[in-house]
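Okay, so chain A shows up in both of these, paired with chain B first and chain C after.
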Partner chain A sequence: MTPVGAVATIGRLCRITRVTWLSELLEPGRMVSTAIQVGSQVFLTACLWTALYAHTEVSAGLQEHQAVGYAVLAVLASRLRPLSRDMAPDSFYRHMREGTILYWFLRPLPPHRYHLVRALGDQAHGLLWVLAGYGLCTTAGVVPLPDGRWTLPAFLVSMFLGQVIVYQLSLILDLLCFWTVANSNALHVSHFVQSLLSGAFAPLWFFPGWFTTANSFLPFQSTLHIPLSIYVGRIPVNRVPREVAVQAVWCLLLWLITRTLWKRAESRVAVQGG
Partner chain B sequence: MNSKSVPVIAERLTKTFRVAHRSAGFMGGVRAIFRPTWEYKPVVRGVSLSVQPGELVALLGPNGAGKSTTIKMLTGIVAPTTGSVRLCGLDPHRNREENARNIGAVFGQRSQLWWDLPARDSLVMLRDIFEVPAGEYRERLRQFDDMLELSRFWDTRVRHLSLGQRVRCDLAAALLHDPAVLFLDEPTIGMDVLVKEQVREFLRHQVAEDGKAVLLTTHDMKEVEHLAERIILINDGEEMFEGGVAALRSRFGATWKVHVTLSDAVGHPRLAHARIVAREGARVTFGPRPEASAPLGHALKEIINAYPVSDVSTEEDSLEDIMRTYLGGAAAARQSASGGSRMAAR
Partner chain C sequence: MAGGTALRRSVYRLRLSWKLTSLNVRARLEYRVEFALGILAGILWQASVMVFATVLISRFPGLGGWSSGGVLLIASIRLLSHAVYGVLFANVNRLHAIVQEGKLEAFLLRPLPVYRQVVLHQFHINTFGDLAVAVTLFSLALRRLALEWTPFKIVFLCAAVVGGALIEAAVQTALSCAALRSPTATADWTGWLDHTLSTFGNYPLAILPGAVSGLLTFVLPVAFIAYLPAAVLTGTYEGTLVPREIALASPCAGVVLFLAARRLWNWNMRRYEGIGG
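Then we have the complex of A and B:
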């Protein structure tokens, strides 16, 4: 592919990511409810963690500003997950159940790339909420600014890898539909497990040793706990290369799994009858 | 004629699915989880077909006959178990992405449009996915709008469109990249007569003026009579018939009646192709001779030559009557076969 062709292709793929934006802009009610939801979650989380530190200065190695910053950023970062489109027949499950997944296989854009492009649109849309929330929270002093020259770049690299892992985990759940048709139960379980084990509910530094040891063999802490700990300075910059390497290994491993699943799934489109 | 000049060629296609066998009841369900038994179910058995440019072929058959699976094999969604498919010279399953540029498809009630977006935004998305140049996109959209009146509702979100409006947008979506082959699986199901006629006219235009090769599956026999030059009838995965509507009538025992009013009393000369089936005064009704089923045209000519006719009208079985008779016969044949060798209607 020539450089001009590559630029044209990237431009085309970027335009396809607009589906999320266009859909959301046509639903002002949904945007207002998201704003209320994010605002109230951030406020309550900040109140809760401030209250927990009322009689202590350091707990689980975190000072108050670190714990509040970690917890609030976790709330904001959870907006980066691919959107739930269950209400519209645009979730993977609905495409499988209603057979419209067939059209994904009749386009010159392969299904795995289309899925990725749509997720990028979702995550870019979520990023806008995160940036808006981050701006407000840092201005209000709820979230501290990163300390040190290398903290922010290290956090951004780690957060990016974390989001790659989030996407791949959600893709595995979607691909499950090729075998089970429905994935709603798996989604519910996974949402809880992922939130708990990633640190979205509470910083993982507060969990017992056996729990964090077991969790270190799973990919979930790489999605939020590692990047947020880097941001608040709980993981020092000299330990970042090791943590980022672990994240990269998870990305590679999950990529191999999802690639294999896509290949197998493509031969199972026939499950949709009629 | 080589395989590239014929848009669709399928030879001896078969498809067998492996399905889990589940016994009835709770224990059957439990057993199916821990020790599933599999059975192999042939769905398509040796179907061969071709569609030429500028031709609309109807693929007919009862529910479960294997029509949709055949279309899925032709579009490359499903790989055939045996046999071969070439679409514009390509193996559609092995060359899915390239093949996608040659085909368009509308699967009845299933829409490829984005539910939350206005229909026109959906078409823009498909323009980007299929890499249609902006000028061509505008020109095609104008053509489709002229014929399907899309601009009356294309700014409405897809979720708010009526069925007829939505299918018209889906047709535009399927043809936006100007494919050589169009697959239509029950495209007019549930539409009112006016929209149906509009869609039929649009399809006629696509075939006659733009030279598209169209393969249509439908249960609407009027649609077949209006649109199809050729019919392929499949049942139980097997091809039962291929030919024109007239040949189908003759093959599956379509009957006719000729009602005449005689101007003079005459005797009753024996005719080679027709016999009297009812008589009331000067009104005489003729039907085909059971031993020699002749086309209506031959019989009519013979009757007019042999009798002094002052008035004449004809009555012919519709395609729907023929299909009903054929499918009823096929079902009875299956029942009577009762586990023995299958009765082949062919």
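Then we have the complex of A and C:
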């Protein structure tokens, strides 16, 4: 590819990532509601964990500031998930039901790349919310700043790999539509499982040993629990390389699965309507 | 004579509702995997409350002056009323989609009140899951609380569950009025409201700062759904912000608010101009 061609391709891809931003900007009501939702959720989470620690110094190896920081960051990180595009209407399920999924296979851009670029736009949009929330929470003292020189870089690497895993898990659910047609309930189930096993509901340190052992064989704790535990100092920096290696293995495994699913899906596109 | 006609009408409405619901369930059964996942999703969605409750029971002595059993009672009453709301009114917070897809215009042409058509539009199988979790959590709460059950307390609990369901229906109905004008902007707000009721409604409001607790008692009546009824059942009035008499009358709030919300809905419906399609 020539440099001019490469620039043109990047420009086209950037235009696709902009879709999320533009559609959100056209709906200021949605943006206000997101701000209120995130704000109220962060507020309640901080109040809950502070109240729980009212008569306790340390629980499950976590002090109050660590537990509050973990729980609040988990709430903020949930904004990084791919957006719900039901109202756009641009969800995978809507495309399958209305037959417009066909266009994904007629465009000059391969469908898997289009899906990835749209998701990048979603996650970049979510990142902006996270950064704004993080800035406010650290200023207010709700979330402590990372302790130690290597904690922040280690957290960022781990969080990035976690987001790759989040994307691949959501892609698997979207691709399921090629076999099951509808996936809204599968999305609900997955949302719960992912939230529970990643530590979004409550830090995984509070769960019984058998639960955390079983969970360590699944990819979910790599999405949130590992990066957040690194951030609050519950996982020491010398253990980070091992944890990051596990995350990288999950990225590779899930990439192989999604690659196979895309290939099989392409041979069974069924138009339901339109 | 008039009583007989009213009874016949009520029976006819019930039979019609049952028929429409059966058809909706059959339609959902067309996608078998989705149907099964729908029930599972209902269980798992509410199980997040159980997860938090498990953490609470196993690791901490209580929350906001309430024992862990008391907190479980608040959460279970909230879930029970949410399950009743789910069976009867869940479609109200899907009104934005109904308007956007242009279905409301078809409802206007049929010889049945529009609100009734909205609530009967689809049956949410997830509510079976809600109910299963609610009952489990309630039995857990009862096991941890040494409550003395009197006939008054049993009647009060039933009234509180129905009242809580009506409060949720009232709040969602009032909000859905905005969907008649701007469906896309309302979609996220209904989700937010659902989320707010389910998170703030499960815990004693005493853990929140006074102003927020007041807001959730007197502006958005979250306290009336489960917190105040649980306070009456356990006798824990400390930190409730209302006198004992108001807490005792909390189930009535649902009836009053629902009637007001329906009036507001009818008023907005009369001014509805088609925007979907």
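The rule is simple: the second predicted complex is superposed on the first by the 261 of 274 C-alpha atoms of A that agree within 3 Å, B and C clash if a C-alpha of one lies under 4 Å from a C-alpha of the other, contacts with A are read in each partner's own complex, and residues count from 1 in each chain.
Here, a residue touches a chain if its C-beta (ideal position, glycine included) is under 8 Å from a C-beta of that chain, and two chains touch if they have at least 3 such contacts.
Small disclaimer: the values here were computed from a predicted structure and weren't measured.
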| After the chain A overlay, clash or fit between chain B and chain C? | fit
| Of the partners chain B and chain C, which touch A:Leu102 in the superposed model: first, second, both, neither? | first
| field | chain B versus chain C as contact partner of A:Glu27, first or second or both or neither | value | both
| First (chain B), second (chain C), both or neither touched by A:Val19 | first
| Which one hits more chain A residues, chain B or chain C? | C
| query | Is A:Pro236 in contact with chain B, with chain C, with both, or with neither (first, second, both, neither)? | reply | neither
| query | In the superposed arrangement, does A:Leu48 touch chain B (first), chain C (second), both or neither? | reply | second
| Looking at the overlay, does A:Ile36 come into contact with chain B only (first), chain C only (second), both, or neither? | second
| task | Return first, second, both or neither, reflecting whether A:Ser267 touches chain B, chain C, both chains, or no partner chain. | result | first
| request: Using the touch definition from the top, say if A:Gly148 reaches chain B (first), chain C (second), both or neither. | output: neither
| task | Could you tell me how near the closest CA atoms of chain B and chain C get once both structures are overlaid on the shared chain, in Å? | result | 8
| query | For chain A, which residues lie in the overlap of the chain B contacts and the chain C contacts? | reply | 27
| said: Please output the residues of chain A touching chain C within their complex, sorted ascending. | reply: 27, 29-30, 33-34, 36-37, 40-41, 43-44, 47-48, 50-53, 55-56, 59-60, 86-87, 180-186, 188-189, 192-193, 195-196, 201-202, 206-208
| field | Contact footprint of chain A on chain C as seen in their complex | value | 31, 33-34, 37-38, 40-41, 44-45, 47-48, 51-52, 55-56, 58-61, 63-64, 96-97, 100, 126, 182, 184-189, 191-192, 195-196, 199-200, 203, 207-209, 212
| remark: Given the complex, residues on chain B that touch chain A span 17, 68-69, 72, 75-79, 96-98, 100-101, 103, 105, 107, 110-112, 114-118, 121, 124-125, 128-131, 157, 159
| said: Quick check: in the complex, which residue numbers of chain A touch chain B? | reply: 12, 15-16, 18-19, 22-23, 26-27, 88-90, 98-100, 102-103, 105-110, 114, 267, 269-270, 273-274
